[in-house]
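Per-chain residue numbering starts at 1, and chain names A, B, C and D are given in the order in which the chains are listed.
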Amino acid sequence: MPATDNHSAILLIYCSDRKGLVAEITHFLSRYNGNILEIDQHVDEQNGVFFMRVQWDLDRFEMPDTSIEAQFKEEVAEPLDLNWTLHFTGQTPRMAVFVSKYAHCLHDVLARYSSGEWKVDIPLIVSNHDDLRPLAEKYEIDYHHFHVTPQTKPGVEQQQRALLREHEIDFIVLARYMQILTPDFVDCYPARIINIHHSFLPAFPGARPYHSAYRRGVKIIGATSHYVTEELDQGPIIEQDVIPVNHRHSVDDLIRKGRDLEKIVLSRAIWNHLQRKTLVFENRTIVFR
Amino acid sequence: MPATDNHSAILLIYCSDRKGLVAEITHFLSRYNGNILEIDQHVDEQNGVFFMRVQWDLDRFEMPDTSIEAQFKEEVAEPLDLNWTLHFTGQTPRMAVFVSKYAHCLHDVLARYSSGEWKVDIPLIVSNHDDLRPLAEKYEIDYHHFHVTPQTKPGVEQQQRALLREHEIDFIVLARYMQILTPDFVDCYPARIINIHHSFLPAFPGARPYHSAYRRGVKIIGATSHYVTEELDQGPIIEQDVIPVNHRHSVDDLIRKGRDLEKIVLSRAIWNHLQRKTLVFENRTIVFR
Amino acid sequence: MPATDNHSAILLIYCSDRKGLVAEITHFLSRYNGNILEIDQHVDEQNGVFFMRVQWDLDRFEMPDTSIEAQFKEEVAEPLDLNWTLHFTGQTPRMAVFVSKYAHCLHDVLARYSSGEWKVDIPLIVSNHDDLRPLAEKYEIDYHHFHVTPQTKPGVEQQQRALLREHEIDFIVLARYMQILTPDFVDCYPARIINIHHSFLPAFPGARPYHSAYRRGVKIIGATSHYVTEELDQGPIIEQDVIPVNHRHSVDDLIRKGRDLEKIVLSRAIWNHLQRKTLVFENRTIVFR
Amino acid sequence: MPATDNHSAILLIYCSDRKGLVAEITHFLSRYNGNILEIDQHVDEQNGVFFMRVQWDLDRFEMPDTSIEAQFKEEVAEPLDLNWTLHFTGQTPRMAVFVSKYAHCLHDVLARYSSGEWKVDIPLIVSNHDDLRPLAEKYEIDYHHFHVTPQTKPGVEQQQRALLREHEIDFIVLARYMQILTPDFVDCYPARIINIHHSFLPAFPGARPYHSAYRRGVKIIGATSHYVTEELDQGPIIEQDVIPVNHRHSVDDLIRKGRDLEKIVLSRAIWNHLQRKTLVFENRTIVFR
């Protein structure tokens, strides 16, 4: 996987399925001497939809980066009526992290960030509590604390959105942020807010899933990372994982074991998002491999 | 694990937690020269309940097998007010299998049965369809076909219960049996009817869980084996397992992959039941290891 | 996944990586009005090798099935110097199963076969013991017993190869066959003999891996399905899976738990082979998804 | 699990199996009014060895903590010839961390440490490089850098051992420490040095296991935490875990994915060690549950 490639481009495409789509799209790339690094394509036969992710080397591509969007639109996307987005691996996305009091996901995000595992900038951390400010300070990241009540929430979200615009934030990670965002807020970042929920969705949505899991006597617990939509814990799933538990585990044990799942599942989802491997279609996330 | 031991006994015990329980119980065994093979004991601190499974060698135990029940009751269980059951590994339980049209779980059960993996007798298979009769005949097991409609169900269940009594059936396995048993029937076999549900409960209870899983876009599917209670798919869980899926999988792929989970999870649950490793407490199954 | 499609074709391709390969290949298909159902393509950058699997619908493909091979060779494969194979999903491969005394993998294979899960014919079962003949007879499949000793092995293999030719066998599954095939035999079926080894290779190759796993005190055991090559247990891996074990498990427990792994892993490997998802390159198996 | 209990004691016991061991041991506890919180006991029948972990509440135990060791020895351990250790949950063990250049395991350890997940003190970090000093400083832990060459190693180890004694270190965690300790050093800390190896041992011991895994084409990679013994990567295994990989993964992908395994597996092993759940017998680790 050309993860470290700094000069390639990615097209994420879907449209109703027809003959010749792959040929048309790849012909465009070869016409300008583009070397395809990876194609992942398939047809969802139940819905008759064509999906494709293609990444190609820009090094000897005979078109300036700035012309690709317009040229692809004119030569391919409009004639074929494609839904598509274009991305450049040379660009570094800007990510904001929202937290409350739990540190484990933020620890994991910052450890990867500081060791250069991800190509991302994290200019700010937002929280409804002040608890994790010392952790943010260890990594010298701006920490913004907003006191949130049902009354202040609309005003707070206005301020948060201004802050996000000011910092040119591309996407938001809710790293165990214990507040529900308003539909207005969510609408500003479609498929660009990543949440981690501490259960194997759709089992145990909402509050206190480990307590519910304990009461139900499940033998496996899970964590789910998804894009946030207006309906709580109903957004398109990006990543899930599970671990076995047994009757000896108390609720506290589930919480402790679950933390490891949560942080790993959230970080995998962020990785997939950063790699432009994700595409949302009808409340399901296509995660290209 | 002394799985093949043919002359040992097992006590499954729970009661409210107090000091000295283990000492009292194990002292009874050592008083009569019993050699403990395995103890698994723990306290559920949230509920203040003591759980214990103890297995001991009967070979030099200085008490006839037939006296153990009365003696343990008098010396230990009544003074300590225990909930308990006693089992002898030398006895071979009798199991009935209920099926509909899907063959994969029955195949798996019969393969294990015929190769002697389980110490169990399977004198009969019951079905609401005739499709799997040829498979039953391959293994020379009586196959009883009952045509079930909402109208005939009560009468059919009467006949089935007579049949089960006649064959001295100890427990029932629903190997993808597509009928809901009436509460009357279920009450006759408390914690002795094992079902396999083709989802990771409590996600996707009821009908067509793979279709629901597909629509929800989950990244992992599961199967759950549980004891049947009056509420559909709500009984105490014995065993669960999962496998990853992705956006390329159609519903048919989920069904195909799920079959492997279903048969393995069901067979593990049967194994645990046969090993007397299971104890039901407040709709949760303790599965001793 | 168009698993049930009966009139499509599959190309498996690899070659040294260059620009324009995808465009050339897909252009050939679109030239004759072929509808691509699925492409999986990637470049192994460490080795500079291009890999591709493409499946397309033959229903309105403007070329007779019988001409595709020659036409693709002339127009694409020779000019581009591709390594390639062509397959038609409408053809039903013929598979032979080799067994010794263990029944579990054969049970699993026959259960899938008899329920139509796989598109395959199994005209014969070969064994060095007579133990599993009754199982073969249940499914009315010819069972050939050869007594094998070091002295008789060359002669026996001659007879086996004649038998395989006579039945027009496409590929062989060693379902816990406890004999080592000679290099001569193996050479006749390159990447067409599938073995199941009862360990997580490369750990514990050779005999009695569960005993070795027990002694080493591993916390997880595995099973590995691979194509057979001249070197024992060194062939390209198709599929692996694992399950956790603990200190309470005796060797017999490992063997019992391992059986479930072995049969599932072997059957998954067979499925991948049947779907033409596998391609061997330098002792590694590309398993397209 | 009474993980947070601050006033309980734990006995870890093994001996050759005989009748009455459990009764004798538990009778000792009940004699002094000890409330047993948890027993995990089993017999390794292949070796005829009895294993037991018992934890009891000290709150109303009618014996001063300081007398338990001598009293248990006299009344039980010597008469029965037990191998045993006694631990108090109220004591906080002291742990040293050895690192080289990789940060991910140290990040994970320090995140848990700083959030109070573990009851442990970490007074010092030792390294053969200076790279991770800034990370140690974030958490205000002494960082000791020793330049190690084959020539200086014996002298360096002398200094390290002095440092460990001075800080009264109970056990050592090698968090991707890329140096092999001498047998002299290892002998000072029997079953008290925990290493993480970045493969599924016994597969791929030694250097560069991800490169070997890539070349072998395995479909699953793993990580193994074990107690260090004189033989490299041969010590008793505490914890293992795995994740699936495929042909699209480069060596760099394996390394990236493996980091998540390594840190989680190492931290689980540390947890088990801290909970006094581990007991080493003949190069295998019993991990009580």
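Here is the rule we use: a residue touches a chain if its C-beta (ideal position, glycine included) is under 8 Å from a C-beta of that chain, and two chains touch if they have at least 3 such contacts.
As the structure is a computational prediction, the values presented were derived from the model and not from experiment.
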Most widely separated chain from chain B, with each centre as the mean of CA atoms: A
Same-interface partner of A-B, chosen from the options C-D, B-D or A-C, over half of the pairs matching: C-D
Length of the line joining the C-alpha centres of chain C and chain D, rounded to whole Å: 41
Where chain A and chain D are represented by their mean Cα positions, the distance between them in whole Å: 36
Touching two or more other chains - residue numbers and ranges from chain C: 42, 45, 246, 248, 250, 289
Complex contacts: residues of chain B adjacent to chain D: 1-2, 17-24, 26-27, 29-30, 33-43, 45, 60, 244, 289
Touch list for chain A against partner chain D, complex: 1, 3-4, 38, 103-104, 107-108, 111, 114-115, 117, 138, 246, 248-250, 252-253, 256, 259-260, 264, 267, 289
Residue ranges of chain D touching chain C (in the complex, touch as defined): 42, 44-46, 51, 200-204, 214-220, 222, 236-242, 246-248, 250-251, 283-287, 289
